[in-house]
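Order as written gives the chain letters A, B, C and D; numbering starts at 1 within each chain.
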Amino acid sequence: MIKTTTVKVGEQPTGVPMEVPVIKIQGQGNGPRVYIQANIHGAEVQGNAVIYQLLEFFRQYPPQGDVVMVPQANPLGINQKSGEFTLGRFDPVTGTNWNRQYHFDSSLLEPFSQQYLDADEAVIRDAFRERLREQFYERQSSPWGLTCGQHLAMNLQEMAMEADIVLDLHTGPISARHLYVPEYARERARHFNIPLNILIPSDFDGALDEASFSPWWQLSQQFAKHGRKLPVMVDAFTLELGSQELLDVNAAERDALGICNYLQHQGMWPDKPFNCDPISLYACDLSDYKAYHSPAGGQVEYQALLNQPLAAGKPLATLWHFNTLGSESCLSRELTLPCDSIPVLHFASASVQQGTELYKVLTNTFML
Amino acid sequence: MIKTTTVKVGEQPTGVPMEVPVIKIQGQGNGPRVYIQANIHGAEVQGNAVIYQLLEFFRQYPPQGDVVMVPQANPLGINQKSGEFTLGRFDPVTGTNWNRQYHFDSSLLEPFSQQYLDADEAVIRDAFRERLREQFYERQSSPWGLTCGQHLAMNLQEMAMEADIVLDLHTGPISARHLYVPEYARERARHFNIPLNILIPSDFDGALDEASFSPWWQLSQQFAKHGRKLPVMVDAFTLELGSQELLDVNAAERDALGICNYLQHQGMWPDKPFNCDPISLYACDLSDYKAYHSPAGGQVEYQALLNQPLAAGKPLATLWHFNTLGSESCLSRELTLPCDSIPVLHFASASVQQGTELYKVLTNTFML
Amino acid sequence: MIKTTTVKVGEQPTGVPMEVPVIKIQGQGNGPRVYIQANIHGAEVQGNAVIYQLLEFFRQYPPQGDVVMVPQANPLGINQKSGEFTLGRFDPVTGTNWNRQYHFDSSLLEPFSQQYLDADEAVIRDAFRERLREQFYERQSSPWGLTCGQHLAMNLQEMAMEADIVLDLHTGPISARHLYVPEYARERARHFNIPLNILIPSDFDGALDEASFSPWWQLSQQFAKHGRKLPVMVDAFTLELGSQELLDVNAAERDALGICNYLQHQGMWPDKPFNCDPISLYACDLSDYKAYHSPAGGQVEYQALLNQPLAAGKPLATLWHFNTLGSESCLSRELTLPCDSIPVLHFASASVQQGTELYKVLTNTFML
Amino acid sequence: MIKTTTVKVGEQPTGVPMEVPVIKIQGQGNGPRVYIQANIHGAEVQGNAVIYQLLEFFRQYPPQGDVVMVPQANPLGINQKSGEFTLGRFDPVTGTNWNRQYHFDSSLLEPFSQQYLDADEAVIRDAFRERLREQFYERQSSPWGLTCGQHLAMNLQEMAMEADIVLDLHTGPISARHLYVPEYARERARHFNIPLNILIPSDFDGALDEASFSPWWQLSQQFAKHGRKLPVMVDAFTLELGSQELLDVNAAERDALGICNYLQHQGMWPDKPFNCDPISLYACDLSDYKAYHSPAGGQVEYQALLNQPLAAGKPLATLWHFNTLGSESCLSRELTLPCDSIPVLHFASASVQQGTELYKVLTNTFML
């Protein structure tokens, strides 16, 4: 019932194919189809351990729906070293973020919605998915080819596009656990039991979560224009599971438990075998998820604790200017924020330029 | 009449300010104000030599209008080495292209056009520029700060936004000379005497040329909606002057001559002292400026000559698979294009991944 | 009594000079001359904070001998970013370790020792230092120039070579505090109060500590051959103060206290105002300071605690092969060492190739 | 008679094995055993095309001795991109040059030479090779493992150590063809027909040519100490075949022809089917092979032609300081050399730091 295979996602100058491992679990019944992917950013390894723990859970409690899981989804990014670290966030040739290259062309929406305005939901679902597939194949057959990042993205997206639920497992740099939630899925997002949440609009900007849900959300909007209420038929989330370059297989079990809790509320296990201890869930809108940039170059002591409320004006970090040691100039300055916040993540290095993104914080928070 | 100064555009972790040299020439009379910048991409050095040659010309033939020139506009990009080469196309921390971070927020257009619908052109020009400045200062005063790339871009753009003509001097990787031309300025673009030309729409996407002309073009569109015809008051071009990592001071004199030829048609020297030998000027629309991506990984012999017509199906490059040497597998394949074209540039390395952008070519060409 | 200046150590392509800050404290009397440097490896920032704390101590307790301190000693390495991290261990152009480019040519030893065989120690000291300076100036005046790394190293070494005590402040990747001790200085090394110590032979291999003491140790050996016992007149140590990319100004006070404790035993403060709580000091010979390399590629959970004894065969780390998830192949393996050890440091990333240096450990340890 | 296989030389974090292609040709008779390798530095691709042309020749003229050829010998270096270029000269984690990690421990020489002092040459050859193998296996079985670069080097060296002739195919940055010649093999080196030659001493410093011939040369020296004259039984050369990042399959045929010319003089084809047009061969000692380093930071026009004599004081390059444009400061300076020379190679980028190796030149040249 568990099958493993590989999918080719690219090819190196030496001719070595770049392949990703694919684990397929056949569902026991009629549950949602689920696609879960990890490590598209090369330094963000924790999701692989979460997939390992999920596989253990799926073995113990066979799921109703089909599951496809892809750990180590970006061989090029994972294997790209620069010094001791994994330079895995963007294509080293072009600088393009590996998670901004998924595809959707919205021009298909209007003709589709006119054709299927009165169709059954199930018919719409199948026909729209088929239309997405066609758009894909057309793009892949261009005589001009695709970029390296597009090859990777399209091979992954071809699997993701078949699913009703898409989970993309990331981490921050030095980071607390947090979740990107499309606004329409806000209620369901609680079940992940992730303490910090960012509500995002449902537009398409090239990331896997958006590429997965946005076509269906836009379809729903299109039908609404024509007066028909159509549910958004796909859920997709980006989970940020702690810090990059860190593998913690025990913590991964808790991460996996939250995911199973969400999945069982989506009908994956009718008898709901999983149980999470509820925690406080904070959230803010994407426009209130703020990045604070260093006002000067220097070396930083990060002081604000992650996932702990920080009052306006309280110490966020100390910026040191050791080049002024022994002189009259300002040696250090305390950095603060203009409003109350909850710090989510901070930069991974002590040496920063003017403009380095030092912290990202929730502001104007509310309970999810 | 020639003044030199520096402008601070950032700050390093050691506290070292990043500064760019600024050369200001005061105009003799009433010519256009001109801003010229080079080397925003760190490996693209030829523009610095062009500014040197322009300065020689300006000394010989003092211009009517004010000129501001910034060579070596990106200290961080120029000084960033990775192996022997200059890793200067994108921010090494974030991957963001250094030439996609300029700013314009179009929400100011509608209120502005309503207020100034019946004003004189000169009044509109001054008032709109003042509005752009205000937008800038507001952005710079955010308590959340700006990114490293935004600091750089805004400090340069503050100078560029005062000009009537903005020229951004770039190069390709291995490249023939070519020019990006906003469609509305097509007639004037001929005077640069650059053989290959790409006509671009007038939208804003973060590059300096767009950031310079697009607000004025959008303003013109906005007035047109209200029934008033307003000229686009700013010209801006990106010039691609050959190959990166290459300094050729003699060739730079010819490059500078083309620029002066354009400027004298814009009123910079009423007596028109400059003379270019006319050459054939080819052009295509941006949608016909095609990138061909490698269909596989391998090592490449680039064969199609730059700036020479290439018929459909003729050899573009040979892709070698040396990992199959001695076996039965395909050792090499000839790559071709599906239509006639004029190759403009090719990739700088012999080792390519599947998807590497091998060549960029004009298709559906016409005479400019 | 405290003077600050800068020394130029290089020049960037943009023409920007690379300068290091220099802090000079004039001694009150007849104590040793001390040179202290930090951050020659760009990511190793903690030493800067230690210099800050030392300066506080020196202000409070003016030292007998002259002190020269250079924080942020490598502007190029500190400012070199690759992704979020500081690619500061080696020259990005050539790969050469920044701390392997100091200079000493031993051919001067034999003629010198013949000339000064019967001289006073003080005369020998001054004359030998003068000979070292001459060797330096000769090298700097070569018409063929020096490499970028040699410019940096020689400018720093010119200051260091005037001192009786040279301290080079480093850190490991993820690391416990440890100290490199030249064998002849073993007794004195205790006063630094650093828990883990590596005894190194006194050869020259290009690092600052060796470049500082080895000429004097070789001089002593040379005199011994001629039957005269000459003390090694210079002490030099490399201190590894925790982990890279981490600034902890409170911990830096403890680091500075250990340094002052050593200095007061060398006569810096006759009234010995500093007091360290003694801790257990472990040591091993350099040949017993072992690196353990990953037996395969994979992703790692580091398990052995730093600065804690680890018995042979006990878990060092778990190596995960997530590409085999769901298949029959080995998913993970526990890595162990063949002998008892004390782990000193581990690699900074979770993703490792076959051969990555996972841990460095003391073996065959003894009390210092 | 031609067999192809692969040899595993490492393993990536994703678990992907790094493998090199190996082509084995069985000799027709009693000729020398030959090992040829290309592209150990990732950007140096031309040798792959030379191996392709050699294979064509070997098919046409079957050789007497066995031949083993390894194109694309360094998968990690070839596939490592940084911007458009291949960052293939050193390990991106440690900075270690990929061609400085081969192994030889000379402590085996003395016991070996005592044991075999009176043996036949053929017996010595086989026994010494067996001793080298044993040293290798011992090293590979260390419980502490090997570095990534050592895994690569040892897997290649295991093949090379079986050969009588070892050729390592490299290129320079921007470079004329040149050859490193061990002094004892000077006479034979002429047959390669390579215009510029550097005579190197026969010490071991970690490169493949040295690792291949130096043990045998040291053996010969050791026997000489005991009064027996023993020939150096292995020839090894590093060929530098033009510029990096450049594939020229036609030029590779000429390169291959020179190699075959050398091989036929070593007995590979008794009927000597290959013919080279003789050219002038210049040479100098390694100590006269000089690197000229930039006296300042700036941007460079390379002017001296490669493989053309350059008189002392004649223009080598122009160094431009565009940061001083418009001011009184020195804008450019002409760089010259203090003696007559033949330029061999120059740096690949126009942007240089103070100390960048601008040119390498032969001085005190003589005819080979």
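FYI, a contact is a pair of C-beta atoms (placed from the backbone, for glycine too) under 8 Å apart; a residue touches a chain by one contact, two chains touch by 3 or more.
This is a predicted model, so every value here is computed, not measured.
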Contact counts by the stated rule: is the higher one at A-D or A-B? A-B
Cα centre of subunit A to Cα centre of subunit B, whole Å, reads 34
Can you compute the centre-to-centre distance for subunit A and subunit C, using the mean CA position of each chain? Integer Å is fine. 42
Just give me the whole-number Å value for how far the CA centre of subunit A lies from that of subunit D. 47
Using the touch rule from the top of the page, what residues of subunit A touch 2 or more other chains? 12-14, 16, 72, 78-79, 81-84, 86, 89, 93, 299, 322-324, 351, 353
Counting only chain pairs that touch, give me the topology of the graph as line, ring, star, complete or other. complete
The answer for subunit B against subunit A in the complex is residues 10-16, 76, 89-91, 93-97, 143-151, 290-299, 321-324, 337-338, 351-357
Within the complex, subunit A is touched by subunit C residues 2-4, 21, 23, 42-43, 45, 48-49, 51-52, 55, 69, 71-72, 78-79, 81-89, 173, 245-249, 299-301, 318, 320, 322-327, 331, 347-351, 353
Residue positions on subunit C within touch of subunit B in the complex are 12-14, 16, 19, 72, 75, 78-84, 86, 92-93
